[in-house]
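Please go over the structures that come below.
Both of the next two complexes hold chain A, though its partner changes from chain B to chain C.
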Partner chain A sequence: MPEKFDCIVVGAGPAGTACAYELAKAGVNVLLLERGEYPGAKNVMGGVLYRKMMEDIIPEFYKEAPLERPIVEQRFMMMDKESAITFSYKGLEWGREPYNNFTVLRAKFDQWFAEKAVEQGVLLVCETVAVECIVENGHVVGVRTDRPDGDIYADVVVLADGVNSLLAKQLGFHREWRPDEVALATMEILKLDKNIIEDRFNLEPNQGCTIEIFGDATKGILGTGFLYTNKDTLSVGVGTLLSGLIKHKIKPYELLEHVKNHPMIRPYIQGSEPVEYLAHLIPEGGYHSIPKVAGNGVLVVGDAAQLVNAIHREGSNMAMTSGRLAAETIIMAKSQNDFSESMLDQYRMKLMESFIGQDLKKYKDATHHFERFPQYFEQYIPMLNRAASQMFTVDGASKWEKQQKIWRDLGSTKQKFKLARDMMKAWKVMK
Partner chain B sequence: MLHIVACIKQVPDTKIIKMNPKTNTMDRASAPAILNPYDAHAVEEAVRLKKKYGGTVSVLTMGPPPAVKAIKKCIELGADEGHMISDRAFAGADTLATSYALTKALEKIAKQRPIDLVICGKMTIDGDTGQVGPGIARRLNIPPLTGVKKVVEINKEKGYAIVQRKLEDGYEIVQSTLPCLFTVEKEINDISFAPLPNMIKAARYQPTIWTADDLENVDRKQLGLKGSPTIVAKVWAPPKPEDGKLLEGSTKEKVEQLLSLVLAKKELFQ
Partner chain C sequence: MMKAQTIEEKQYLVRFNADTKSHLHVLDPNICLTKCPDKICTIFCPASVYKWEEVRMHVGYEGCHECGSCRIGCPYENIQWEYPRGGYGIVFRLG
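Let's turn to the complex of A and B:
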């Protein structure tokens, strides 16, 4: 007779591990399944971990977790072919407790987080793939794994199986994602001497900087490039909606090479040595793409539930919070021994009331808007760069003449109206 | 019912390990720790024999506390129980001191349940010596059968084992009395994909851990660095093989070039 657990969590990423951790802490008998050799072996993100949501689970985790650097400066570059307008915020308050966020390398961090969950009593089994949910009388009662004698049962199953969530798809919770609902991010980890990193990015030891790059980083396709500082490596990458890559017929690694060789980026990474190449899909469908997240005996968390705020590059924090909210719901369901959809649907409500639901709702049309109207990235960023160049180039022309030139560069009256209308529309989807 | 004990070791994965260019020693922190691949075959064979003849499979290792992971791996493969000896006193052991410490642990295990067969991997991938297995056999005063590539038969009632031993130009079939010790080649079996219940058992499993004090009649002078007469006088990296050469031209030209190259080194063939 196969063993029965209170709960099976599928996937040891931030969502699954957070959920398993909280459950075990409350005395729930939980099995955490991971397909990789160890948690983190197959997990990818650009590298920003937010302190608050992690601390909701493990207070003062930063005292022992394997983090790279606390981020003290966030830069944003609006980049053209050989120019860029950069704005940034640097605040030393982010460099001391309680910190704001950190760069992390997921292979290390996820492993540590899962170890913490095991200390709480989670049973972690790696190198095991959950291939389908076992459904009896319309109720999920366990999962089937790829191993011999691989069926395993539980009162409730949490699907934290990542962006493609094949298990949720099999249950009919979502269809195959459209190419405009997922982004493809490719990145490299580049080894570079610690002191060189600190010099180039104007940092003290144990300070980090992130740079988000818009415009030519993606050759005008909707998406962003990024460059983050780790201890003695840099993470450089680029992510664009899959639909954009298809439309422009660009291969993802070509785009990454383009970013690495861009004259605005190259000096930062010069002399570094690639040590790792990673690529992953990111769910960026936003609010409209959130699938069904609760069913009889089953909950969906993290990327599997499309919980990513693409505009603010937040995802791991939403994953952790969703995992925690799922755990809260399961603990309540367990106390009443009711794992029906109507009980577990409390999770969806908690999710929508939290910052996750609020933020995703706020930006529900943003990605789709910029996807539909490519001129923001294709035309307006270069235009902004030209305007800055014009204004700051001292060539004897009067400032009034320069303003006239910039004004003319905006195009005909009709084009100017369109520009004004686009700015209004952008404000509307972002506000 | 057989009682088979597999002796195993956790080793750095030498496929990806980096060498310290100054000292020519392995930078152990640069590679993940894994179950020595030959030992995985030893455990697999023990589990297969158990399935065939019935019995119990125990595993034994000596190592620092993280080596528990290697024992867990063996539980995944189907071992019933794990024992570990871990103590500062064992540190720095060469093959002589290692086989001594493992023998003492095997004696302790045998007191609880007599041992019919000890199986070791052919060698470890970090030391490459292949001496610990035969060392244990000598100390236990049982026959060592090295290079085992197939177990033909084990008959506990009549007290014998028949195996195929790999030789340079083939193999030989050998019969030995029981108890005895095998060291096994990789070709003896393919590691099977562990069933889920084993994975769950392994995730929960905690082996018994013995210190030097837990072992009986131990001569401490024979443990660890003190008991290790081996001296590493010099370590050097093997020379890199020369790059191959690609001959160009027509087939005839290439054959002529090849012939002259071979003839230039004809002393190699005399």
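Let's turn to the complex of A and C:
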């Protein structure tokens, strides 16, 4: 291994691989480090990969990448203990080119993506941990790995080391994350016959469905459950802020069992065989938690930079785009042989001008708002379910009487004002 | 009935390539004993790595998912958390 590269990328997830791919394509000499046995060995995601941002890197990737199903229907369940209100959009335009998104299994997909980067000329080295950045005169000049004689040098280092983001923390780009800036997600992959999946989710072959579950999936604490269709498996999981698990003293795997055994969910997964159990953190601090992303000789991309839109369950797309924007910046820096912070800071500007900065800004206060005011999940979702049950149950009472009952169920005048105020506040943080 | 209900059963589904030494260290065992009645890490750890054994914390690092929750969630910042050596630790096959 030559001891100096143009660029070292730490972490072969979607952000790091996207960055390395784009750099190698432009003729930059790039080393991609991965601590796992193979790319994807340490990576977890509910499973939705967005077509557009991936195609910005590899056009028509869907013709050869290991994908599970193109999603044609997205459902949202507002769930109470024995009931649920479900919204859905199903559109066949999502089932054909150019597609909207796909379910993927990350161990397979990440390996494929990294192989494509290697074809472009990236040197991929697995089973290697970057333990710290080597800093000289306030400039990152390489990384120290856990291999013997493991110092490697480069003009620029890209930190794509995931949610724990230990290297950016070491550089002082951010403090340790707080428990309300990360969500802990647990998930199981459940094996189930293709035909049964298609019957249960009302799908044709090579069509997929996603279900996001709010309310009782998380026993009222802030978070969501999810159920996604793969080819011949289902991904079922639940994620809540770590602070919520701490406050309510809930074991995450027991919450997962609660979701799996919920009467609204169980019929979908009945008879399936669990084949893998996974846990992972998701950075959900949002806009306010984005750390410093550019320094002398260093850039931070993907989860390591907290680039996740928790409201729309988007993350891998932001990872890829941030990796691509980092690569663009590095190519420009290389042409001017200037890897200083003032040069590399163009990456931050590109990031903030893109959909990533814009969307994170849009929802900058949403997570914190719903965490601070638990009544949305604890009270309003059950209230909505009771109202629907009341209105749609035919029991001889007139519709006016029913409306009055629903109105009374909202509580005292004071409580009604509070409800109205809460709806206004929710609108404000989401609009 | 659903299978793999307990955390032990769930952990059987996962492939681990455990190193011989731990990547997780309780910095001051006395803090767990005297200052932390909840032992909250034993609750939120998704792999049940942390088990309180009367007077000390047992750390079953071999089953760690490397999520990082314990480092962030320990109220006393009492857990030193590193990645396992390259190639060791959890190996996800699917998700």
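Following the convention adopted for this analysis, the second predicted complex is superposed on the first by the 429 of 431 C-alpha atoms of A that agree within 3 Å, B and C clash if a C-alpha of one lies under 4 Å from a C-alpha of the other, contacts with A are read in each partner's own complex, and residues count from 1 in each chain.
Assume contacts are C-beta pairs under 8 Å (C-beta built on N, C-alpha and C of every residue); 3 or more make two chains touch, one makes a residue touch a chain.
Being a predicted model, the structure only gives us computed values, none of them experimental.
J.: Just from the overlay, do chain B and chain C fit on chain A, or is there a clash?
T.: In the superposition, chain B and chain C stay clear of each other.
J.: Look at the residues of chain A and decide whether chain B or chain C touches more of them.
T.: So, of the two partners, C touches more residues of chain A.
J.: Check whether A:Thr128 is in contact with chain B, with chain C, with both or with neither, and answer first, second, both or neither.
T.: The answer is both, since A:Thr128 touches chain B and chain C.
J.: Looking at the overlay, what does A:Asn195 touch: chain B (first), chain C (second), both, or neither?
T.: Neither partner.
J.: Taking the C-alpha centre of chain A as the vertex, compute the angle to the C-alpha centres of chain B and chain C, in steps of 10 degrees.
T.: Seen from the centre of chain A, the opening angle is 60 degrees.
J.: Between chain B and chain C, whom does A:Arg147 touch in the aligned arrangement: first, second, both, or neither?
T.: both
J.: Once chain A of both complexes is superposed, is A:Glu3 in touch with chain B (first), chain C (second), both, or neither?
T.: The answer is first: A:Glu3 touches chain B but not chain C.
J.: Which of the two partners, first being chain B and second being chain C, lies in contact with A:Met45: first, second, both, or neither?
T.: Second partner only.
J.: Taking the superposition as given, does A:Leu31 touch the first partner, chain B, the second, chain C, both, or neither?
T.: The answer is first: A:Leu31 touches chain B but not chain C.
J.: What does the superposition give for the shortest Cα distance from chain B to chain C, in Å?
T.: After superposing on chain A, chain B and chain C come no closer than 9 Å at C-alpha.
J.: Hey, what residues of chain A end up touching chain B and chain C alike?
T.: 127-128, 145, 147
J.: Note which residues of chain A are touching chain C in the complex, please.
T.: 35-37, 40-45, 47, 105-108, 126-129, 131, 145-147, 163-164, 166, 176-179, 182, 184, 186-189, 233, 235, 242, 245-246, 249-253, 257, 260-261, 266, 269, 273-281
J.: Report the residues of chain A in contact with chain B in the complex, numbered from low to high.
T.: Touching chain B from chain A are residues 2-3, 31, 123-125, 127-128, 145, 147-152.
J.: Which residues of chain B touch chain A once you look at their complex with the stated criterion?
T.: 193-197, 199-200, 203-204
J.: So in the complex, which bits of chain C are touching chain A?
T.: Against chain A, chain C makes touches at 2-5, 7, 10-11, 13-14, 17, 38, 40, 43-44, 46-48, 65-69, 71-73, 77, 81-87, 89-95.
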